[in-house]
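Same chain, two partners: chain A is paired with chain B first, then with chain C.
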Partner chain A sequence: MIRSRETRWSLFAAAVGVVFLFAAPQVFELFTIINLTTVLALAILALSLALVWGYGGILCFGQTMFFGLGAYAYTIAAINIGETTAPIFIAIFVAAAFAAILGYFIFYGRVSDVYLAVITLTVTLIFYSLLRSTSGPEYKIGNALLGGFNGVTSPPLNIPGDPSNVLYPEDMFYVAMAALILAYLFCVWLTQTHFGRVMVAIRENELRAELLGYDIRLYKLALFAIGGGIAGMAGVLFANGIGRVTPDIFNLYNTALTIIWVIVGGRGTLIGPVLGAIALFYLTSGLGTQASINNNLVLGIILIVFVLLVPRGILPGVIGIWDRAQSRSKLLRSEKRMRRRRAPRRPEQEAANDG
Partner chain B sequence: MDLAIALALQIIYGIANLVLISLGLAIIFGMMRVINLAHGEFIMLGGYVVVISTNHGVNLWFAMLILAPVVVGLIGVIVERLLIRHLYGRMVDTLLATWGLSLVLIGLITTIFGAQTATTISAPLGAVPIGEYSTSGYELFLIAVAIVLSVVVYLALKFTRIGLVARGTMQAADMASALGVSTSKVYAITFGVGAAVSGFAGALLAPLTGVLPTIGATYIAKAFITVISGGTAILAGTTSASVLLGGINGIVSFGIGPTMGEVALLVAAVILLRLMPRGITGRIFRKSL
Partner chain C sequence: MTGEIVLETRNLSQHFGGVVAVDRVNFTLWDAELRCLIGPNGAGKSTFFKCLTGQLSPTEGDVVIRDFHAGGREPHEVARLGVGIKTQVPNVFDGLSVEENVWLAARRWQGAKRAKVLTDETLERLVLGDIRNDLVGVLAHGQRQWVELGMVVAAEPWLVLLDEPTAGMTQEEVLRTADLIKEINQTATMIVVEHDMQFIRMIANQVTVFHEGRILIEDTMDAVARDQRVRDVYLGHRQQ
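Right after this comes the complex of A and B.
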């Protein structure tokens, strides 16, 4: 019953996405459309964390590390190869492979979730300082200068097999939106498979899942790598949206952002964090124009308020209220029926209830 | 020979530096099993206390050794009362709430003092010659401070009544509470002491690094990984992990460069945690403090 409702809503969300894909370029101005590529890349990043954390219960504080690795891998590969189709796959592979290697140490060491959070965060910050220190001409991979603090200019995507046919920034919107819809449907499908169900079982009770015979280390590792791959793909789109990659992708602020998207949108849903990412992007870019209010301050307050008061996030909270209202009205209706039937037989109890 | 001494001093300073920036976090983690993600900001606040008070004519040593720990410690107690105590037993939520606190503190300091702080203080104590090399007298002072601080924490935990209560609460909070210890008060004091030590570290490092609202980020990676590698024993964990990771960091930094030193530190820590998932003191030195 719940499963079918989930599927129905997911398909509805995907359909809304498809409508948006075709309608947005007709409705919005060019600037907004170009900007949307970046927003959608962040939304896919949020989706990857929603999968890893919300469904797998893996508290990854370093999802931006895979995002940044994807962006860097794409850019470096594209500069060296001279076209961009293979680099997309290279980027996804690099991000997923790094997630798998890191995941091996974490999951096969049976590190607890708080340790996992801190390790992933630390690795991300080390990438930040490592890439910041690559400003000299000696730091290059093939033809690509890493450029330290300033980063590298990313070549734009081209039509597969035709390197001279480069996509315009407004065309990137279609690619990014399609990628978001496909990634979303993939995640929905994944959570409905046997693998996804086992992941939820592990999230709910690790010991019980293990006693049932599932190798939880392998399951977690697989999900972590898949999440890393999706984040890497988001990084490719981000590099295209911004036009360059800089070490700032790995900084603490961006890492905090990804966590806040998922907290605000709601753990245990896929679409919630996606919407959270889009909403918070426009909130922070709106605030950014007003110098008096500091973004860190606002985000910090949002995070604290949600952890203390709305720990489940907006979407699960709304679903919960909706379900309660539904069941209450059902209960009221059946109660009324019962009362009508019982009323003639027990008048004194009825009076006591009313008093 | 002089080079060897200079290099050894440099590595010992790296270890002392790790002890200083990790000890406050280790106290909170060891006692409460809470990883305080606002740790870097407590360090940052300690630095700001020193810079602001010396700019207003306060003696540098008084600001560093007394004012900064007291102010940041009080902030720690307030934070525990307002935020952390609502989240006991919910480790993940505590992590997230302290991260929120970290962002709030960065935001507040940026709003009040701006994103850059122009006025800095220069390190006192001049240079100390070692043969044809020389080392900073202030770094030697920091090594001494790290040693003294560790000894003080050890003596306080081992020989005072408060230390006994703290150790009891650390081992079995419900039992301590059944024996009449107010664990809530112990936790509040612990958080305050942890914050004070962090603020102290920030104050001591401020003359070397300057202060920025976001400077916490440069410390937390190393502090977190040191504390986690060390495990839950406050002193044995911090010092053993600092010696191991600081040593690796120092040697690789000397051989290749400071950034690769940090990478080596991290790789060593990840491999260490694969072998000892509960840290060094989860496997060896188990009964230590």
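Right after this comes the complex of A and C.
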């Protein structure tokens, strides 16, 4: 199978990530580094949707629900347990398990693509309004007060096995960046396995995959749960980056944003949506500091421009242009060679050149 | 016919609203057979075929493949019995290479090493080696059909069901397909749906003729070709 170019680029991207991991704290100001944890959490969320939608063809319009569930599960577990290592795994498990349960009904019920989008969006918005209505003192899970629209303060990560040894915000950057690199490599590996190739096959043609004997319901369910787990992990980092979880994680704006990241970055690539999330974060926070242009308007325009003009997204678009340029220059080169071969040598010209 | 019955339908019916596409069909296929299913367009061949392969859930009746009740089961459950299926409208993975299409079929049943060998063998056997890295989506219709046949072959099925395998092929490709089908029949029992009589003549011995959702006649190719009713059905449709 000819996927070596893809693999090479993925490893290159991961290497750039590692360099960034060590270089960024030397280069950037503290404020930027602390802020980066949140950005990287969003990037991992984008990665999870790139996997589920871009590779698996499952248009989940509620990837933020698993993200939010991860963030809430982490926070509530950490408050109750009094340390944060187990809560990380609890958060990932809760998000993946919820994705598996929801996915069971969707995929085994043979829900069509459009309804899948509607259902996932609806469930996300249900979480939003449910959590908003938990402001009374009676809404408690263990020691954790849910706090309605104010949310809950998230305990920061501690060193495993040492609850009193809490990470500084600037140290969180290392954790978040390492998590992004590892999650990315995991996704790259997954897409190269037999499982991953079957997922791509299902995206290309469900019926053919079934006729080959693949149970597509099971494959989709598995991918959906894996994507949910990754989003849940991103939620843990987000809770750490912001220091608090609120129902707003589940709101319509955020879930639409995840879709825009993937459309802008490009479906069918993993790194594209990651970069899309980071770029759009800095674009919107840059716009947020001035008052003249409305943020939502800009996002809307970006969405429309991409859907109409760059439907494959930036990265696949650039790769396409690069490939075309390559083959054109190859063509030109071979044409030149042909012409040279065809042209009869003119001795007087050669002599002139020599002289 | 002697030997074992490998596929049987019992009173199989498929209705679409008021349309009775398949009407109480009792059909029997014996081990090692190469059976051709013919009939004019709209006779119900593809619908019958889809009932056999789990793509449609029959309105009534049952499909039995060996001991497995296949009526109303999922396509992957039928495939899992060792059944290779090619649909009338080519179903291939357009965004993937020829090689990967075939590999996905082989890898379903085999470990990584054996799947690789099987893929190479299949590509060579179907003369797809030169285009193995091409995306299937850019290929000509006839070539796409061959890729789909390659996927069927690479799964090493014991029962092969093909719906109009030569549609859109050049004359030369049709001849090669006839040879390939005879070759596959060396190791697999087969049903081939066709409405092109020329092609049927090349491969068939036992033929089942469908007409208006029912079996009109079931006999050798020669007997079927001589039958007046079959002529009427075909001529009648040609005049339309």
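We adopt the following convention: the second predicted complex is superposed on the first by the 332 of 355 C-alpha atoms of A that agree within 3 Å, B and C clash if a C-alpha of one lies under 4 Å from a C-alpha of the other, contacts with A are read in each partner's own complex, and residues count from 1 in each chain.
Convention: a residue touches a chain if its C-beta (ideal position, glycine included) is under 8 Å from a C-beta of that chain, and two chains touch if they have at least 3 such contacts.
Keep in mind that this is a model prediction, so the values were computed, not measured.
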item	value
Touched partner set for A:Asn251, first chain B, second chain C, both or neither	first
Chain A residues touched by each partner, larger count belonging to chain B or chain C	B
Touching partner for A:Val27 - first (chain B), second (chain C), both, neither	neither
Chain B versus chain C as contact partner of A:Ile216, first or second or both or neither	second
Chain B versus chain C as contact partner of A:Glu204, first or second or both or neither	second
Which of chain B and chain C A:Asn296 touches, first, second, both or neither	first
Partner chain(s) touched by A:Leu309 [first = chain B, second = chain C, both, neither]	neither
Chain B/chain C common contact set on chain A	none
Sites on chain A touched by chain C in the complex	1-2, 194, 197-198, 200-201, 203-205, 207-216
Residues of chain B touching chain A in the complex	35, 83, 86-87, 91-93, 95-97, 99-108, 110-111, 214, 217-218, 220-221, 224-225, 228, 257-259, 262-263, 266, 269-271, 273-275, 277
Residues of chain C touching chain A in the complex	53-55, 74-76, 79-80, 85, 87, 91-97, 99-100, 103-105, 107-109, 112, 133, 151, 155
Of all residues in chain A, those that touch chain B in their complex	59, 102, 105-106, 108-115, 117-119, 121-123, 125-126, 129-130, 133, 251-252, 256, 259, 263, 292, 294-304, 307-308, 311
